[in-house]
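You will see chain A twice below: alongside chain B first, and alongside chain C after that.
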Partner chain A sequence: MLNREEIRKNLNLIFQDVFDDTTIEITDEMSAKDIEDWDSLAQIDLIVASEGTFNVKFGISEIAQLKNIGDMLDLIERKLCQ
Partner chain B sequence: MIPIKQYTYDEITLGQVANFAVTITEDMMSKFRDISGDVNPLHISEDFAKDKGYTGRVVYGMLSASFLSTMAGMYLPGENCVIHAVEVKFPLPVYLGQTLTFTGEVVSKVDAYNTIELKVSATNSNNQKVLRGKIRAGVLK
Partner chain C sequence: MLSCLAHPFDNEYIMQKKRSLKRELLAFDTEFIEKKVAILGGSTTAEIKNILELFLLNFGIKPEFYESEYAQYWQDAMFGEKLENFNPDIVFIHTGYRNISGLPYLQDSTAVVDDLLKQQFSHFSQMWDKLLAQGYCVIQNNFERPLYRLLGNKDISDYRGHSNFVSRLNQKFYEYASTHSGFYINDIDYLSASYGLEKWSDLSSWYMYKYALCLQAIPELAFSVANIIKSVYGKNKKAFVLDLDNTLWGGVIGDDGQESIVLGQDNPEGYAYCEFQAYIKAHLDLGIVLAISSKNDEENAFLGLEHPDSSLSTEDFTIIKANWDSKDQNITKIADQLSLGVDSFVFVDDNPAERILVSSQIPGISVPEIGAVENYIRLIDKSGFFESTTMTEDDMARGQMYRQNAQRTNQEKSFTNYGEYLKSLDMKASITDFDPVYLQRVAQLTNKTNQFNLTTKRYSENDISAIAAEADYIRLCGRLSDKFGDNGIVSVLIGRKDKMVCHLDLWLMSCRVLKRDMELAMLDKLVEKCRAESIKKLIGYYFPTPKNAMVKNFYHELGFEQIDEKENATIWELDIDRYEKKNQSIKIL
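Then we have the complex of A and B:
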């Protein structure tokens, strides 16, 4: 199973791909206000790519509770443990 | 008039396919030219197009792509569609009078957002792919 750092590396690649920006380095505190193009459509892109990469499914209530990338990493970590 | 499909999100399955055929006419080209204001000679001058190495006037790529709206809005999912994003590529030119067969296949569903993704393509009568891409569409409840 992937550890948190491995999840972060994969999630970072997803962010770089979705925003077409190889300079993005995600941190736990980062949120939509820190990335200019992180709008509702980009959010769907991130969820689709994350579900595919980590082979998990997210519920709308789980997504609604995400406040930043740290929460996203927590959620993916929890999903992978299930 | 094409009967509009009325799929709900739950009725749509991975691998589901829709297809239809369209023949590109002079009338379509004229209307597209008038709406878009694109009077590039590649689309309106036979001589110019031939001089550039094409066999005739090239159909507007975005005219071919406009049928992706038909795919999503009329066929899959149909009435409950709201298009979020379209990606399209044009591997070969389309010429006036050609009949294109459009195919859309559901390749992913995102339950959290009631959203589907279609892999789409259009082929000419020689079975050559002239358009390929993706549509992401929300399915209204």
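Then we have the complex of A and C:
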């Protein structure tokens, strides 16, 4: 079972891949307004990649409630516990 | 080529890495052909565009895209000035079950449902007519099966069932496809079934982002569309090079002997090899060339193919290289003998070490990861190597032609004088205007001929039809036959008349008739036509590409004088009054 730091590491790799930028370091407070290319299309890529990497499936209401990266980490953590 | 974009691919990996993949693809030293692709969607298409771009780049096609506004596919096609200004080469219409605007109700009579079917069909066919008339190639999705069946099993058989209705509408699409050239169906009915309809029609992708298929399946869709496009532009594979031991049969013929190799229906593995052989053999009818590269003594290779349960026989193979040389060397030799590029080969071998050797030594060759024998067919089939869009009669006869060519090469050896050999071939050519039956083949040749091609101009079938209708052109297409068989249309020439001068916009010839004097026969005919129209001068152009160095001095050899040179391109002139007939080997019909 992955702990929150391991989840963060994996999620950081996903962000680096999706934005093709190895300098990205994600933080809990970070959201779409902090990364220039984070548009609705990139959002989809992030979701698909996270579902694949962590082998989970997010519900549409869960995705709708995501406000920042902290929320994403919480959601992944919760899903992995189920 | 990136192996992560060859089938079987990791959909999520591709989507996650798409930006860096694109960067890598553009950094390769690929000679891209550029095409304009319009995506007209009945649902969101943004990600489809991005992934399609990767697959096209991997096939050597650099796309420029136009995307319709959300769900505006019909409006764009029917009234869109923007689309017209974009002037696409390809229009991909991405629609699906959700774009059917009227479905049967349970109280409807058969007449009402028939009427509805007509309405729904004409909504699409009007649009296709319009697009085809503008000279675009159209790729249209058929419909996936509906996810829900209100009538249960009866939904597919009852005329009011939505499954039934969709299936009938699909049939009408296919009828249209079979009567219209330049129109291709992208079979999402198959793709979704193969992927799993429940996963494909994932509703959260629709509710959240208005994608008509689940996001993870987008690479499957994009790969399928890219395969059609690469086929339209002549980038299909042309030949299989196959290993023998543990590829066409189980076991090692040199060790086990003919009686002990695993082949035949009495054994599960042997059954799988049988079916694989039959699958490979069926490609002969598509005009795919078969060759063997095997580490074996030649007599053992033949022994295996003479096994009573072997459906492939030695005659099915144009070239058999059974020796102990390395496979990359053998494959290079096979390519030379067939006058085909190694990048048109698919190499099939169960041994991963051979696969790595060949894929690392031979750029552009496809080397599928075929797994165990029960997976061979599936993994090769889904790769779309031979996606057939324009199946001309020439394609179907091609396999036979290559075999005849191999015979010709054998005969060549026994003559001392080349002219004597050419005469012995009993060649006959007919050189005509672009007759309607030849238009498809002419367009196909302009797109796939790279080596003997002076200007490498690519024309669609619609371009060729337009030129065929213009009085300002002299058009020639040449067909060559000899005592071994008919080669079909092998050379095309387009001359543009400008008062007393004729500019040679296009001159190409298929490499399978190299050194047969067909080019001389073409020039004779061209001069004859020019004289009849009082044209005094021919102007020839040579535009160099990485592949056409073969014809660099072509005009010089024909007696043209060089009059200009610009950035490697050379321009040549021939005085028609002083021209004397050149061809002596070919009888003109």
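Basically, the second predicted complex is superposed on the first by the 82 of 82 C-alpha atoms of A that agree within 3 Å, B and C clash if a C-alpha of one lies under 4 Å from a C-alpha of the other, contacts with A are read in each partner's own complex, and residues count from 1 in each chain.
What we mean here is this: a contact is a pair of C-beta atoms (placed from the backbone, for glycine too) under 8 Å apart; a residue touches a chain by one contact, two chains touch by 3 or more.
Just so it is clear, the structure is predicted and the values come from calculations on it, not from any experiment.
**Student:** Taking the superposition on A as described, I'd like to know which of chain B and chain C A:Ile44 touches: first, second, both or neither.
**Tutor:** both
**Student:** With both complexes overlaid on chain A, does A:Gly59 touch chain B (first), chain C (second), both or neither?
**Tutor:** A:Gly59 contacts both chain B and chain C.
**Student:** For the overlaid complexes, name the partner, chain B or chain C, with more touching residues on chain A.
**Tutor:** C
**Student:** Between chain B (first) and chain C (second), which, if any, makes contact with A:Phe19: first, second, both or neither?
**Tutor:** A:Phe19 sits against chain C, while chain B stays out of touch.
**Student:** Of the residues on chain A, which ones does chain B touch that chain C also touches?
**Tutor:** 41, 44, 47-48, 51-52, 59-60, 63
**Student:** Spell out the residues on chain A that touch chain C in their complex, using ranges where they run on.
**Tutor:** Touching chain C from chain A are residues 14, 17-20, 40-41, 44-45, 47-49, 51-53, 59-60, 63-64.
**Student:** If we count contacts the way the header does, which residues on chain A are in touch with chain B in the complex?
**Tutor:** Residues 41, 44, 47-48, 51-52, 57-60, 62-63.
**Student:** Show which residues of chain B lie in contact with chain A when the two form their complex.
**Tutor:** Contacts found on chain B: 84-85, 108, 110-113, 115, 117, 136.
**Student:** Using the touch rule from the top, collect the residues of chain C that touch chain A in their complex.
**Tutor:** 12, 15-20, 23, 46-47, 50, 204, 207-209, 215-216
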